[in-house]
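There are two complexes below, and they share subunit A, which is joined by subunit B in the first and by subunit C in the second.
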Partner chain A sequence: MTKKNPMSRALVRRETIAGYAFMLPSLIFFLGFVIYPMVQCVFTSFFDSTMNRDDIFIGLDNYKELFQDPIFRGALWNTVIIVVVSVPVVCIFSLWVSSVIYDLKGPVCSAFRCIFYLPVVTGSVAVTVVWKWMFNNYYGIFNYVGTKTGVLDQNINWLGDERFALGCIILILLTTSVGQPIVLYVSALNNVDQSLVEAAEVDGATKMQCFWKIKWPQIMPTTLYILVITTINSFQCFALIQLLTSGGPNHSTDTIMYYIYYNAFKLYRYGYGNAMGVVLAIIIAVLSAVQFKMAKSE
Partner chain B sequence: MKYRKILAMALSCVMAFSLAACGSNSGGNADQKEDTNQTDDSKSDGDDAADDAADGEEEGGSSSGATDITLWTYPIGNWGDSATVEGLISNFSKAYPDINVTVEYLDYTNGDDQINTAIEGGKAPDLVMEGPERLVANWGAKGLMVDLSDLWTDEAKEAIYDSVESACQNNDGVFYEYPLCMTAHTMAINRDVFEAADALQYLDEEKGTWTTEGFQKAVEAVAASGQAQVGAVFCGGQGGDQGTRALINNLYGGTFTNPEHTEYTANSEENVKALELLKGMEGINFDASIQGGDEVNLFSNGTLAMAFCWNVSQEKNNAETITFDVLPMAFPTESGDPKLCGGIWGFGIFDNGDAAKIDAAKKFIDFMANDEAQVVESVKASSYWPVKDLGNIYEGDDLMTEYSKFIPFMGDYYQVVGGWAEARTAWWNMLQQIGTGTDVKTAVDEFVATANAAAAAAAN
Partner chain C sequence: MKNSNFNRSTVYKVVSVAAIAIFAFLFAFPLYWIITGSFKTPAAINSTTPQWWPTEWVMDNYQKLFSRQVAPLWELHIPFTKISFAGPEMPAALRWLVNTVFMAVASMILTCITAAMAGYALAKKRFIGRTVMFSLIVCAMALPKQVILIPLLREMSSLELYNTIWAVIFPIVGWPFGVFLMKQFAEGIPGEMMEAARIDGAGEWKTFYTIALPLIKPGIGALAIFTFINSWNDYFMQLIMLSSTDTLTISLGIAKLQAENATDFGLIMAGASLAAIPIIIIFLIFQKYFTKGITMGAVKG
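Take a look at the complex of A and B:
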């Protein structure tokens, strides 16, 4: 039996302490700004909480009200539509673009990545305001081009008509969501083991076969990450709604995030808003778990 | 390797200095807060004096016996402009050198949140400048404000207009606001377009009034002249919603609340009739993609021929964009007696439990609103009109004189009704419903039910 060196134990202890000390700032930040608000959110959801008066404990009443609230159900439905449409479209479109550009020459590939990434780095308010101009009922470019070319008989109130408003929101969301997945996919595709691809090509595999049998399994972790991130972003779609439609017309663009904001910061119903936040967090967690599970099984 | 280490060290230093720089700036929010009084002298006598001053501040005064108060003001004309407010407070400081006033400038997007957060944190300002819907109906109703009855002397009640006096108190007669200025929100038309459409015949240009029938005929004429969008009942949000409320209430003499301001009455026959009229009018559309501010822009750039969200500030602020003759108008009525929505702004005092601060705040209000040498300047800073007869304070200013004819049309100040925040939101949602085809009666009944439920909840 070898005797442990006391010096090395002290060294390990010192390194451990140093390690924790380095982690401490981010740990404090994480506890203070993530864990504490989460606990507070769950706690407050059991209270009738508003400004300038004491909170009243009401148990599960906020949750009961939630599922009887037609506007919340509508917001949930709209959120689901946004997720169901935007997540697959973002993933498929970004994978397609990446597949086309990843093996282009350096500057060309970089130029494409810049173009698609531009809406991501541009401020969301600026992007939204530009889209608002384009969709404008009176002088927007879509109406102008549509009426001039004869596609439209008359101007369409894109953001003020419940038939089109949600579609417009999804369209804008897509343009701001594809940048990051494209960059990630280009990087993942470049990391695919080329010797396997070349070997398969020598054996007579087609391009599609190479893609599905060799590249796709290797970029699966990236796909999973993109799926989860896009799903969470779609669920949390807020700025677009706030800046473009305020949930209208006639609640047709209300999302859960916007309805949380509306209840908490317009009506000062903090307890009710927090209850919605808890429900949203549970939905996102369940969906993410399912996505992980499915990806693992593949 | 060596160069990498040097580069890493250099970058670390840059980051550390950046953080230090951020830290040094965070101590004072120069854009937001300004101590507008001359307090440096009293705080420069060494550390002891500074410590004494700090102790004194906690009790509402400084070591030199001065009282420090804070004023938070919403952007009411130039009361949101630091240079103007500094001038006003400089006058106050000359009269009351023992009171230091610190000002914070709020905006309407975040102001309520800032004040509510301050209240929650026990750091509410001493003075706040806004209107009765906040001072009386919101913070006053919650017992957060000081009763200003001692400022409302018989002389003050005699001088201040009755409608204003009524708005500044709650139903129990407790005053939570001392008013300074007021305005009446109007609508406006593009006179050039109306003239070209021969529609000026349907209105009284001199008085700035028109009948409901005249309004219908004028809109028809303008629409027939080729102006596809004459006006828009904007309902994309609550911005400028007083315009749509005033339009609908005036057309057939409807009301928004009962006279006691305890119940919403927007589902009256008159209002339903007005909404149905608007819904069926060619040239008027219910537009859920714009709010009041957007409508003002569309009117100012000539896209719309009339604006329902208008007042003198809009004309001043958009003077560079407007290339036509703007004709401000009262809202059309059957009776010929329009009731305009107004704005009344003044001061309220948060009850922070410090008698010295409350007393100093009352002196500030009295000086700004009652001092003969000061009041005109205080009112002019708001770009609006006085709440009592001070003569024509805008002598020689044609624009202000033109708009002053609408002040007598000021109607009931119903914004003090309970559940106001919920009602405002329900209002534009109701207009959206009507715009998307919901039956008018069904939509207004739903609105009134929602708003009255909120009013009842607020009363409890």
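Take a look at the complex of A and C:
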């Protein structure tokens, strides 16, 4: 016992050296291109910072301006709408689809899973440009189908109308968001302890009861993970907005992410953009923590 | 009683599968529209009555896309010198494709190497500061990637990497999801095997190379395809870091096409097909690994 202590100290030292040696290549990139910019982001948010000029320290002025900026508040509100609509819809839709397809025959199930994943793989730019065409005022198929079937009495300028633009964006966002949750749910449902399900069926439980009483608790961790990633993804909705509406008409589709981009790369207000980034990061961190807490208590 | 129950659930199942099939059709439709649209004549595209199936297939849109701009097919710079080798002049769209493939492959290789090593260390080495490292990685993962883009842009300009493909690659490699994923896989390496290797006199590197690496190979496959597809589609980063015609990626190129020719949908769809089809083929080939990668990342939550 007394002999083991110095031995293990030598071992710890060896392990530490080896550990960091293995970590080193990854750490260079991680610290250099993730952690350093994050620190810079917080730091610069206290400065008036723009191109070709030294930063000027202004304390909390960026944050003060932020909370009085009506466009920022509008962008925050739009982001909240996108998150509040898309997160539950994505979760419920993907749970429904997965619960139906997971016990279909192998190839059928993976074909469905594949199709729902296609919009993710296709890439945001290709997806966005085709939707832009489909929503087009004159040549789009939405107006054609709508007027032909009598749902619409005249062509609607979907993306140019304050009442519809945000809805269109949410619709496209939904099609690109359900792919990953479906993959996750299908594999989680396949991993559910089958003996419990069989036991319940022998006892005369209905399919519904089986699902909610036995499978649902077991796929709870997956649900939590899906909630977190969908929330983060919805907050980050950017390519759609930049390519479809540029935040318009009349700021009706501005989101925080787009407004950060607009301030930093169109107005070159780096400090102000960074302050928004910090606020966004705090919001997401708090939401993730709440979601984790809720899931832990269950 | 049991019988009616059985019937009801069968009916539910059939109706649901039918409904899901309709949804699946709607999900696949935009892709269908991109591909068929790229072969339609301008008249078919600019008609208010859509052509559900192209009556006439033409290559005009692709010809237009390829004749718009030219750029050397590749350019090789020797670091720290002014020497460079340029490839033959080709349509710019092909150059964008070359750039995109290079970016995705380089990100993939660098990510796999660094993440496999770091994930192994985090899972199997009991070193001081390990828990701190791991929590730092998990926290960084939860933050939105885009908030670091402004400082990243300034960092890249001061490193003189702005408007080079490396400005996109390095942040992708630094993103800690890969390390997290590889740690999950490396947890499964049995300790006895490593112990045995050590008793046989294998050094740290040899243990990693001969024992750990073969065991985490499926994980590396998953990470490789995951990184490849994600970097291919990482539009925001590319948008900010790349600006001149010969450094653009295919996604950026299409976005630019769209900004310059807003209503020439045939041309834009040709570009979109060029961007989407290669990545979809790759996805279909490596689908199995990909699914594994997504699910493994979620296991721990």
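To be clear about the criterion, the second predicted complex is superposed on the first by the 284 of 298 C-alpha atoms of A that agree within 3 Å, B and C clash if a C-alpha of one lies under 4 Å from a C-alpha of the other, contacts with A are read in each partner's own complex, and residues count from 1 in each chain.
FYI, a residue touches a chain if its C-beta (ideal position, glycine included) is under 8 Å from a C-beta of that chain, and two chains touch if they have at least 3 such contacts.
Since this is a predicted model, take the numbers as computed values, not measurements.
By the touch criterion stated above, A:Leu104 is placed in contact with subunit C alone, subunit B being left untouched. In the superposed model, A:Ile284 makes contact with subunit C only, not with subunit B. In the superposition on chain A, A:Ser26 contacts subunit C only, with no contact to subunit B.
When the shared chain is aligned, subunit B and subunit C each come close enough to touch A:Tyr139. In the superposition on chain A, A:Gln218 contacts neither subunit B nor subunit C. Shared-chain residue A:Thr175: touches subunit C; no touch with subunit B. Comparing subunit B with subunit C, more residues of subunit A are touched by C.
Of the two partner chains placed by the overlay, subunit B and subunit C both lie in contact with A:Phe265.
Applying the stated contact rule after C-alpha superposition, one finds that A:Ala239 touches subunit C and leaves subunit B untouched.
Once both structures are placed on chain A, subunit A residues 136, 138-139, 265 are touched by subunit B and, in the other complex, by subunit C.
Of all residues in subunit A, only 51-53, 135-139, 157-162, 245-246, 248-251, 262, 265-268 touch subunit B in the complex they form. Interface residues of subunit B facing subunit A in the complex, by the touch rule stated above, are 113, 116, 119-120, 139, 142, 144, 229, 235-237, 285, 287-290, 298, 303-304, 421-422, 425, 428-429, 432-433, 435-436, 438. Partner subunit C is touched in their complex by these residues of subunit A: 12, 15-23, 25-27, 29-38, 40-41, 44, 96-97, 100-101, 104, 110, 112-119, 121-127, 129-134, 136, 138-139, 141, 144, 175, 180, 183-184, 187, 206-207, 221-222, 224-225, 228, 232, 235-236, 238-239, 242-243, 257, 260-261, 264-265, 270, 273-274, 277-278, 280-281, 284-285, 288. The touching residues of subunit C, when paired with subunit A in their complex, are 5, 9, 13, 16-17, 20, 23-24, 27-28, 30-31, 33-34, 37, 45-50, 110, 113-115, 117-118, 120-122, 125-130, 133, 136-137, 140, 142-152, 154-155, 170-171, 173-176, 179, 204, 208, 229, 232-233, 235-236, 239-240, 251-252, 254-255, 258, 263, 265, 268-269, 271-273, 275-276, 279-280, 283-284, 287, 291, 294-295, 298, 301.
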